[in-house]
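In what comes next, subunit A is part of two complexes: it sits with subunit B in the first one and with subunit C in the second one.
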Partner chain A sequence: MVKSAIPVGLKSMKKNDVKLLAALLGLALVAFLGISLYSQLTTKEPQAVVRLDGKEWGRYPLSEDTVVEIRQTDGNYNILQIRNEKAEIREASCPDKICVNHRPVRAQGESLVCLPNRLVVEIENGEDTGIDAGTK
Partner chain B sequence: MAKKTAYLGMFTALAFVFSYIEFLLPINLGIPGIKLGLANLVIIVSLYTMGTSWAFTLSLVRILLTGLTFGNPASMIYSLAGGMLSLVIMIVARRCKLFSVTGVSVLGGVFHNVGQILVAALVVETASLLYYLPILVLSGTAAGVLIGIVSSILIRHLRKIADTQEAGR
Partner chain C sequence: MKKIYQAGILIAAALVFAGIACIQFRHHKPQRYEGQFFGCFDTVTTVTGYADSQQDFSKKLELLQDKLVYYHQLYDIYHTYDGLNNLKTINDNAGVQPVEVDAEIFHLLKLGKEMYDKTEGRLHIAYGSVLSLWHEYREEGLKDPLHAKLPSQAEMDARAAHIDIEKVILDEQSSTVYLADAQMSLDVGSIGKGYAVQKLAAYAREIGMEHALISVGGNVCAVGSRADGTPWRVGIENPVLDSDKPYLAAVELSAGCLVTSGDYQRYYEVDGERYCHIIDPKTNMPPRYFASVSVQADDSGVADALSTSLFNMEYEQGVSLVEEMEDVEAMWVGKDGEIRYSSGFKVDEEK
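Up next is the complex of A and B:
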């Protein structure tokens, strides 16, 4: 009895088996593409959220370098600068300049506060520093 | 009947040993759940040579035995989910006569993984586990092809042996 070197079992496969394999491979590919697309759409990039009087004024991704002037109706202003994935207040009209002297922020939950101008800049979806784990 | 009982005992022991081998030599590719499914070899062979109800008993006994010896209640639930879903799909696939042994084995491998992921997603209540699905479908398919080819060879030889035994009587 002569047998081929190829696994004999392969011959027992039917056309439907091949179709099934193709369908499963296609399904896996589609699911993979769908999942990677979905996760790309839903993963949030770190951004700086500007709030005036507790109301959201704007949000800026940390990935783009920008300079934003936040000018209020009473003439007070803060200039927010985003550079190297960090946010800082470059200039402000407030008397104490605490916000300007604050070091640049980038980690989750860090904030820049300018009390006289009632302005808060907070980092959302930022990297966790791991040092601030506390009770809530 | 006595012959079938003897077969069932032997097959159970074989499936048990295969599970043990896989427990000893896990394939670690960084993703949990990828495995060859050697025990499925025995289940498929029994499904084709002894029939549905015997394969069902065999599968259940194997899962209970391996769960009690090598696993814990949690791992037993996972293998129960995977094993039962896989077996039901294989029984249906065999009944509808669309696929050969290899096709049935592929479906079994894939749905074993699907069943385990579904239970895991239910237990930890995160849908993000479904991210594993494409990879586990692929690995289930690959393992299914291998196991299916070996099974089809085994089934043919076992039938030959059974035939010669019948003829020699």
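Up next is the complex of A and C:
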């Protein structure tokens, strides 16, 4: 006679085994929920990401109207305004004002660029227009 | 028996973790990343591509940056670099002596001369003397807008006496360049960036990027398609900057390049009139034919050169030039917003 090697009931398990199993399952559940929630929080909301010289400086959700002054140590600045779920540069210290003249941006991948100040404001998780890059 | 229970529990736990890892791993096939850097060709470079990790992508981006810095330094007319003969070295030696240069300068200047012939001088790499005059006035005008001025006719005429492309002497054998007029200078602003982007795209493939989109200040070049096989979509920006519509059209690219020349971003104002950074060698003035011209071509150097040239000529002349060339298409946006295309220009969808 061959006996089944698989335990058939909780009754035959030791109390500690049950605790261990419950703890592991609980841990797994928490980890799973945590990771899902985290990725939900960090990827879904449309936001304006400010980068200076390629390095992230800050991120601002498009859902909240705000005005941010991005001032650099050399005194140069750009003032980012978020209004009606769009981001724009309201004012800047640069001579050419290309960034100020640019239309407000809101869609995925759209960006505001200020070359003299090495600033890029890029929209992440915005409405997907299917455009990967722009030519101007 | 106890051991079997414990083993069972451990296996169950392992399966649960493996399940979670699987779900997470699904997102870990090569991911799409985007990176940017400054410092090359007076603009921002954006690279979109795929990698296993951010770290991996950053490494590739760094390699690309190093490569583009190299081209930037070669074609720089404002700075000299230790141990490097660049365009400034050639300009500084105008009327003095030939300068031995890197093959990448030599080939660019050769392409420049070819494009000069093809465009009847609308693309002019030996136009530095006039361009630098406008550059000085524009910089001054941007710094002090109330006192912005135009160069005088006399100044322009004086500078325009030193733009003879025949005096750019290329010697293939010795790989030297000589400017046979002490007051002339090279300026490859309308072709150097495009040429460099083409080289950068080839280099991207060399370092294992099979799918990437490289934009050096809107000079866009596709390395293959997107990873899923669908083409990249490149938007042609609306020159009307206060319009809600960001793009006039989208072009699909699985290879090749799209370059736009426009007057709506880089300009200065004198007495309320705009004067853009592109200068027509035929008039020595900023042209007023279009708001922008976009060119799609296999080669980014050609596309760059052509977009400037087409911006400098009337539509009729431009369209016949485009139709003559193979694998080149163009889209013209008039000052009044009217859009015209060459016969093979494929617009994917207006956005």
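Definition applied: the second predicted complex is superposed on the first by the 86 of 136 C-alpha atoms of A that agree within 3 Å, B and C clash if a C-alpha of one lies under 4 Å from a C-alpha of the other, contacts with A are read in each partner's own complex, and residues count from 1 in each chain.
Going forward, a residue touches a chain if its C-beta (ideal position, glycine included) is under 8 Å from a C-beta of that chain, and two chains touch if they have at least 3 such contacts.
Keep in mind it's a predicted model, so treat the numbers as computed, not measured.
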item: Contacts of A:I98 with subunit B and subunit C, given as first, second, both or neither; value: second
item: First, second, both or neither for A:L24, with subunit B first and subunit C second; value: both
item: First, second, both or neither for A:G54, with subunit B first and subunit C second; value: second
item: Chain touching more of subunit A, residue-wise (subunit B, subunit C); value: C
item: Which superposed partner A:V113 touches (first subunit B, second subunit C, both, neither); value: second
item: Subunit B versus subunit C as contact partner of A:F32, first or second or both or neither; value: both
item: On subunit A, positions contacted by subunit B and by subunit C; value: 7, 12-14, 17, 20-21, 24-25, 28, 31-32, 35
item: Subunit A - residues contacting subunit C, complex; value: 5-7, 12-14, 17, 20-21, 24-25, 28, 31-32, 35, 51, 53-54, 95-96, 98, 101-103, 105, 107, 110, 113, 115, 118, 120, 129-136
item: Complex interface listing, subunit B residues touching subunit A; value: 98-103, 106-107, 110, 130-131, 133-135, 137-138, 141, 145, 148-153, 156
item: Parts of subunit C lying in touch with subunit A, wherever the complex brings them together; value: 1-2, 4-6, 8-9, 12-13, 16-17, 20, 23-24, 35-38, 42-44, 46, 48, 139, 142-143, 213, 215, 218-220, 226, 232-238, 241-244, 246-247, 250, 258-260, 262, 265-266, 292, 294, 351
item: Subunit B-touching residues of subunit A, taken from the complex the two chains share; value: 7-10, 12-14, 16-17, 20-21, 24-25, 27-29, 31-32, 35, 39
